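Working notes, structure below.
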Amino acid sequence: MTRAIVIGGSRGIGKAISDSLVEIGFDVIATSKKDLDTSDLVSVKNFVNNHKDVDVLVLNTGGPPAKEFFSISEEEWQKYHNQLFLGFCIILKNISINEGGYIFLISSSVIKEPNPSLIISSAYRLAFSSVLKILSKNYAEKNISCINIAPGPINTARTKELIEDVKKYAKSLPMKRLGEPKEIGDFVGSIVQKKIKYLSGVVINFDGANSSCLF
Amino acid sequence: MTRAIVIGGSRGIGKAISDSLVEIGFDVIATSKKDLDTSDLVSVKNFVNNHKDVDVLVLNTGGPPAKEFFSISEEEWQKYHNQLFLGFCIILKNISINEGGYIFLISSSVIKEPNPSLIISSAYRLAFSSVLKILSKNYAEKNISCINIAPGPINTARTKELIEDVKKYAKSLPMKRLGEPKEIGDFVGSIVQKKIKYLSGVVINFDGANSSCLF
Amino acid sequence: MTRAIVIGGSRGIGKAISDSLVEIGFDVIATSKKDLDTSDLVSVKNFVNNHKDVDVLVLNTGGPPAKEFFSISEEEWQKYHNQLFLGFCIILKNISINEGGYIFLISSSVIKEPNPSLIISSAYRLAFSSVLKILSKNYAEKNISCINIAPGPINTARTKELIEDVKKYAKSLPMKRLGEPKEIGDFVGSIVQKKIKYLSGVVINFDGANSSCLF
Amino acid sequence: MTRAIVIGGSRGIGKAISDSLVEIGFDVIATSKKDLDTSDLVSVKNFVNNHKDVDVLVLNTGGPPAKEFFSISEEEWQKYHNQLFLGFCIILKNISINEGGYIFLISSSVIKEPNPSLIISSAYRLAFSSVLKILSKNYAEKNISCINIAPGPINTARTKELIEDVKKYAKSLPMKRLGEPKEIGDFVGSIVQKKIKYLSGVVINFDGANSSCLF
């Protein structure tokens, strides 16, 4: 196990995961939006043509701008369907994960507690979570673990875009702060380094005790 | 409250709901696939142009043929994205539900326990369940209840298509039988007739004690 | 099917269910706390000695006063363990449900979204929900349906005890009002009257779109 | 952070966690049943009198023998209520967790997919999961993370007791094997060592892709 692809790996959570994998000796391809734009299926197909297999795959991508249901156009649904769902399906269909490998999905806490202004994200990230859950049983036969991390409020550029007064918001959270990308990076890095394989088919909230739902 | 639209109302669960609403005095437009094909957005747009508002809307549609992930084409994802998700979004965006009305979604037990051979259905019906959950809070302001019914194995043509030996399968179920469409029809009819409104934003398994998950 | 027992049937939700069952022709034993106090196992044993079997059983009981974890004594845990859990287990173990019957549990929305000041209720109502889920598969063989209704904020004496300014609170809810006990009563009555049996092993939120969790 | 208590730390998952914490330099008190029997509240009280505070607390205990609902006595419910629920409550009420510390609960996959022959475990482990979820918000203020790990089939003495033909059973699992206690030990050790704090208030399935529920 030496090679990883981290989609959306140039900043935020993706970058932290990439850094963590580099630190434990991985060769990491960390894509930015200009290398691979999952909302553009041509870009996705070019990418998969150049990457046939990998040991660790991290499926991670930014979300759409905040938007309420009644203002979303058909084209927007289709674009983000590509970005958050179909692009990832094409990647999984075409890039082979090597035996003993890992697939990490960075989804969002909105998959369990859907958010009105993030309705596109809530719906499509959830849909892909179902796909990964199903595939975890297939991949298990090749000793590949599928781990869905559902971050809550993390200290990223995106959170700053979405939240007006981040400082005030952070103080309202149970831990009085946002999560740090590095915490997720370290988490992913540790699992890979320690070869923890039985953690699979799971959705892991990563939200500093912020969610209301028991599960 | 006198008018209902039941999509996919010509047979199976949809027909049973339609019958039940007729019985309690509703004027029901029960569409068949030739009246409204939700996989075809032109058909959807024609439909919404002719139906501006309604009291009770039942979102119900058949699913795709059984298919494993690695054999699904991009075109199939897109088609069923329309059929199970985007078509319904366009309908909700364009057909106004009258004050005090109801939206029923007939989804599937696969939204909670995803099924490998029904992966398309598992993913997109779940995505739309998230949309309806979010909208239930908006609709609540107009006293409109949003109820997601997630049927398990029901005695429909579709179940016969999907299951080889239905008789044997039925005997393996906790109740030793499939559910009857009429049970769901009666359930929907009773809620509407009794004007039970506080049941909203809910996913109701309807599976004869068959599911494994507590929630 | 003619006989029902409604525990905690003298007021609130229990009374509404009792009224609804009487209306459809049932002989209802609606117990008050002085007839049957589920926190007192002697009282429970007396009760089950006098009631060998029934068609419809409604398991319903008030909760403990609001209390934070660190102020709860061992004796209080034990008392409410009896009231919310063990008393119901003894009842189910000793009162036989007739073929084709129903068991309704009136739990609470706190089973999915636990509430700090209702921690006792959150824990023990949830524990019993697990018991009923398991038993739903056994009871299915005798065509008995087990239905767990998880009410959110309902217009009862209890809600008035727990919430300081009920009017203001009600306005903050998605439907701008509390739920009415009669809505739950009518819901239960309809299911029984229509002999809807395939609804079993299910937890049904009844909270006017108030919960955050998708499921 | 140097001191840990691992309840049930003399074998199985508890021992693996203890070993892992020792390896990263912790002083670990790993109790066996003769040091601390959580089913015996006197034993619990003695224990908490001798341990006022700690950095990392691991709540872990064996379950009761397999037993169906209708054969469980009142005394058994009470005993295991102590063992799986009340004993842990007394421990949390009396042992202070130091700032920046951790509470790990080792529960079970039966909390989400209840198991008929493990009904006691299903109910009470779930009840305590609700308690820990609630407390995670309190503990967050002191930067203490609460992590509930819900193991599926793990290679322990207990699994061998519960399953007749373990080898055959293992082959039926998605990964064709049981999980190893060391995987959970390493997981816990890594989180503590890397000081990953934002993982809190979470239930983490640890079951090798075996569960059916999406969440």
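To keep things simple, chains are lettered A, B, C and D as they appear, and every chain counts its residues starting from 1.
The criterion applied here is as follows: a contact is a pair of C-beta atoms (placed from the backbone, for glycine too) under 8 Å apart; a residue touches a chain by one contact, two chains touch by 3 or more.
None of these values were measured; they are calculated from a predicted model.
Trainee: If you take the chains that touch chain A and keep only those that also touch chain C, what is left?
Mentor: B, D
Trainee: Which chains are in contact with both chain C and chain D?
Mentor: A, B
Trainee: Select the interface copy of A-C from among B-D, C-D or A-D: the correct pair shares over half of its contact pairs, counted by residue number.
Mentor: The chain pair with the recurring interface is B-D.
Trainee: When B-D is set beside A-B, which has more C-beta pairs in contact?
Mentor: Answer to which pair has more contacts is A-B.
Trainee: Among the chains, which one keeps its Cα centre farthest from the Cα centre of chain A?
Mentor: Relative to chain A, the chain with the farthest C-alpha centre is C.
Trainee: Let me have the rounded angstrom distance from the C-alpha centre of chain A over to the C-alpha centre of chain B, please.
Mentor: Centre separation, chain A to chain B: 30 Å.
Trainee: Based only on mean CA positions, could you tell me how far chain B sits from chain D in angstrom?
Mentor: 40
Trainee: Multi-chain contacts only, two chains or more: what residues does chain D have there?
Mentor: 111-112, 114, 126, 130, 133, 137, 214-215
Trainee: Any idea which chain A residues touch chain D in the complex?
Mentor: The contact residues of chain A facing chain D are 112, 129-130, 133, 136-137, 139-141, 143, 145-146, 152, 154, 174-176, 179-180, 183-184, 186-187, 190-191, 193-194, 196-211, 214-215.
Trainee: So in the complex, the part of chain A that touches chain C is made up of which residues?
Mentor: For chain A paired with chain C, touching residues are 111-114, 126, 212-215.
Trainee: Which part of chain D faces chain C closely enough to touch in the complex?
Mentor: 41, 69-70, 72, 74, 77-78, 81, 85-86, 89-90, 92-93, 111, 114-116, 119, 122-124, 126-128, 130-131, 133-135, 137-138, 215
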